[in-house]
Amino acid sequence: MSPSESNPIPMTSKGSGEATAQSVGAIQPQPHQRNPSSKQRRKGPLSDQILDFAARASGVGIVLLLVALLVVLTNAAWPSIKANGFGFLTGTTWRVNELERPQRDSAGKIVYDANDEMVMIIEPAVYGAAPVIYGTVISSTIALVLAVPLSLGAALFLVRIAPRWRVAAPVAFFIEFLAAIPSLAYGVWGIFVLVPFMGKVVGPAAKASLGEIPLFDWLFFRTLNVGGQNTRYEITINGWNMLTGATVLAIMILPIITAISRDVLRAVPRQQIEATLALGATWWQSSWMMLRYARAGLFGAIILGLARAAGETMAVTMVIGNKNQIVASFFEPAQTMASLLATEFAEAKPDQRSSLLHVALVLLIISLGINILARWLVVGSASKGSAGH
Amino acid sequence: MIITTALIHRTPYQRFTRATSAVMACICVAFAAMILAILAMVVVYLFTRGFNAVSLDFFTKLPTGDQTNPGGMLNGLVGTGVLIALASAFGIPFGVLAGIYLSEYPDDRWFTGPVRFICDVLAGVPSIVVGILGYELLVVPLGGYSGWAGAGALAFIMIPIVARTTEEMLRLVPRAYREGSLALGATKAQTIFRVVLPSATGSVITGILLALARIAGETAPLLFTAGYSRLLTTNPNEPFPSLTIQIYQASQNASPAQQNLAWAGMLVLVTCFLILSAAIRFVASRSIRTPS
Amino acid sequence: MTSLDTNKASMPPSQSNQVLLRPIDMTERAPQARRYEVIEAIRANREHTPSIHQIVDPKDSVLSIRGFSLWYSKSQALHKVSLEIARGRVTALIGPSGCGKSTLLRSVNRLNDLIDGVRVDGSMNVSGQSVYGPGVDVIDLRKRVGMVFQKPNPFPTSIFENVVYRLRIDGVRSRSTLRDACESALRSAALWDEVKDRLDQSAMGLSGGQQQRLCIARAIVADPALLLLDEPCSALDPIATLRIEELIREISRRYTVLIVTHNMQQAARVSDATAFMYLGRLVEYGPTRAIFQVPKLPETEDYVSGRFG
């Protein structure tokens, strides 16, 4: 939503019983003068004073909401911020429990103490956010890769092929309608339909067709260092994995990208299209010019879809497998920032909790950044009426 | 597009570009059809599974947590209703007032500009982060999950949406109405509440209803605020049930009976949603055509 | 050649404006005594015969319109218009708003096809090739006919890319060919000197008049058989307008131009032949000098002197 341009007149409070210069007649102050009465404004009637106070208080309240969000989160995440610093973002291990393991010397051999027992080291819990950041980034990226071509194609269809009233309007209405379905619905559908489909159909099909090709080796096999030895084992594809999560996300962001792209393309002036046609361009050549013209707004639409995908919780949590790891193959389970919070927050220990809040803070900042960027792009292209050069 | 017959004297490049154009057009049609098919598939599947699963029990019984006799989601239905009511009690006045502020106080431009920006920013906060904020602010100090915390989290989501839609709708009211009212000697407050707001009532209500529909479908903010409860209760001081959380819990359960319950819940949720959205749009189109 | 030749060349430019409009002698004929027979026939929807000063030799005809009618859904916008446009001339279409001149122009390159519910009847031929016949390749047609629109509409790319777009969509890739064609087109459009150092800069940075000349260059880069100008100066300031008018006179040496204008003085300054239209029908068509000085119909005389319309 962009702020509309029209401004209602500035209403000044009327002095009770006294007609002053600033009442009714003065509608708009001259642009180069300030409203002469603003400095000497008398207090208006009680109802106006109350309204002014309440309205301004609500404005302040809105600011407080954001301030509260940032302050509370930062405060609660502070122990983790202090302990981990920026290394939090790159730490690749997220282990909630302590780990007891035998101490090894510099040569890698186990150290034994005087009683011939292994010396055990207790490693504390370590919190690194890199796996969930990776999970969020990759799942959102795959979702975009799947959704953007479909959405742009559908938007072109709606604007340039479909008859306006009989086809384009109902189809667009249907798609926008579905944009409002709660994400829980997609999650439930994902669990019962998409996960089995991925596990029993897509996985085996992919393995059958691509499994032998060395180029795709990373998709189906993983090499782990177990007890000092590299063993290669085959990934079991059971449907609870990153790809499923990304697919659900893609389905969820289809409506929003399609709707905004359609609006952006409809704003391209007709004369641009006529100019290409008058030069003898084919349908695709003139559509390509249309996409070029609207590229800023289209990019904004895509980023808005990305923002929705990155912040999505329920649908992703239910199908992604919830395993905090960085692995190459998207047929393996994964975890996003939002799904980590959903699964671990409720029963977290204190230090775990502050790390989780640290993750929430990172998620918040990333989401806000993407949203601001998207709004700037979409509003910019709509108000300029033309794409950037 | 006119389908042409083959002309003899055409260069290979021209044939190529025309073929490309035809292919791309077909791809665009196919993509649009795919999107429709996928979305329709999801909705249809939800409806069919849900129809088979829903029964009168769903609306009358409480969840038992039992594997074979899961009961119903009566408390969830009631709970969501109560949560929406509580959230609205706080969120609607706050949001509408903020909308009035943004629209009717242009002299405060130095402040309303940032406030408007912050509204848009708040609308983009992931709902789970809102839930975590609710936990830190309303659960920890009060000692446990509660309906108040859940309503608070929902209100947090609701307020920026209501504020911005109210502002947009109020801006559409013509200047002439305000001028006429002031010229008759009305105060600003009277002008706003007797003239401006009533003339935008339909669309403001539409905006509010859309916000309500949105929060009715939210799950993540309630996970750590209202929590989960199997009781039928309207007391917001304790962990509070909600339809979305019930459905989520049921879906995580391995027993087919519980999963069936999840489907039934899903059907009810989505149906209410679609009916509500259709009704909202219907009201919106009517109110735009006949400004009061 | 026909007498159209002598129209503009014989008159020094400074005098042409003054001479073309005869002083109106009000005493001779009272207004109500002038019978607009053709206009009345048109208004009553009766058959009428347009007054055509001379028939264009078919060898010279670039655009041949025969009995062309067009309907927008239910309402008829053009009624059996017949017109021959001669090669190497500038022909102007004039008439009051709603007379169908823009519709007729856009029908030549079939841009009206983009509008829902458009129906046509009759025939049009460009260089002997049918425009509306069965199996006509619209894209090919549009490649042979160039168009410049009312409001300059350059693409949001560089000046160079704008000009060579027409060649690129034909697959021409050789950099030297493109550069030569670009220079030649920009020279013909009297824009080369102003932009030759910034061909790679965005076309959006040019002034309105420059953008319009760029659009003209874009339209002529592939030597179209016919150049259609749809009120090309109506969005420009007077100085830019004058430059475009000079340019039109220049390029009419190489191209055939059909220009729609609501500005009669412009038609008088710029064109060799003028067609006067009213309510979707052709009223009078002849050499510009004749139309403006010795029109055959009182309607035409009154329209060009501003007494009606």
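Think of it as A, B and C in the order they're written, each chain with its own count starting at 1.
In this section, a residue touches a chain if its C-beta (ideal position, glycine included) is under 8 Å from a C-beta of that chain, and two chains touch if they have at least 3 such contacts.
On a predicted model such as this, the values are computed, not experimentally measured, just so you know.
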A-B or B-C, whichever has more C-beta pairs in contact: A-B
Furthest chain, CA centroid comparison against subunit B: C
Centre-to-centre distance between subunit C and subunit A (centres being mean Cα positions), rounded to whole Å: 53
Centroid spacing, where centroids are CA-atom means, of subunit A and subunit B in whole angstrom: 17
Centre distance in Å when subunit B and subunit C are each reduced to the mean of their C-alpha atoms: 55
Where subunit B touches two or more other chains, by residue: 17-18
Residues of subunit A whose C-beta touches two or more other chains: 282, 285
Interface hub residues of subunit C, defined as touching at least two other chains: 139-140, 169
Residue ranges of subunit B touching subunit A (in the complex, touch as defined): 1, 17-18, 20-22, 24-25, 27-32, 34-36, 38-39, 42-43, 45-46, 49, 94, 97-98, 100-108, 111-112, 114-116, 118-129, 132-133, 135-137, 156, 159-160, 163-165, 167-168, 170-173, 175, 178-179, 182-183, 185, 187-192, 213-214, 216-220, 223-224, 244, 247-248, 251-252, 259, 262-263, 266, 269-270, 273-274, 277
Residue ranges of subunit A touching subunit B (in the complex, touch as defined): 1, 3-4, 6-11, 13-14, 23-24, 27, 35, 38, 44-45, 47-48, 50-52, 54-59, 61-63, 65-66, 68-69, 72-73, 76, 149-151, 153-154, 156-158, 160-162, 171, 174-175, 177-178, 180-189, 191-193, 251, 254-255, 258, 282-285, 287, 307, 310-314, 318, 338, 341-342, 345-346, 356-357, 360, 363-364, 367-368, 370-372, 375
Subunit A contact footprint on subunit C (complex, rising order): 109, 111, 114, 116, 139-143, 145-147, 149, 151, 153, 155-157, 165-166, 169, 202, 204-205, 215, 218-219
Subunit B-touching residues of subunit C, taken from the complex the two chains share: 113, 135-140, 169-171
Subunit C-facing residues of subunit B, complex: 2, 4-5, 7, 11, 13-14, 16-18
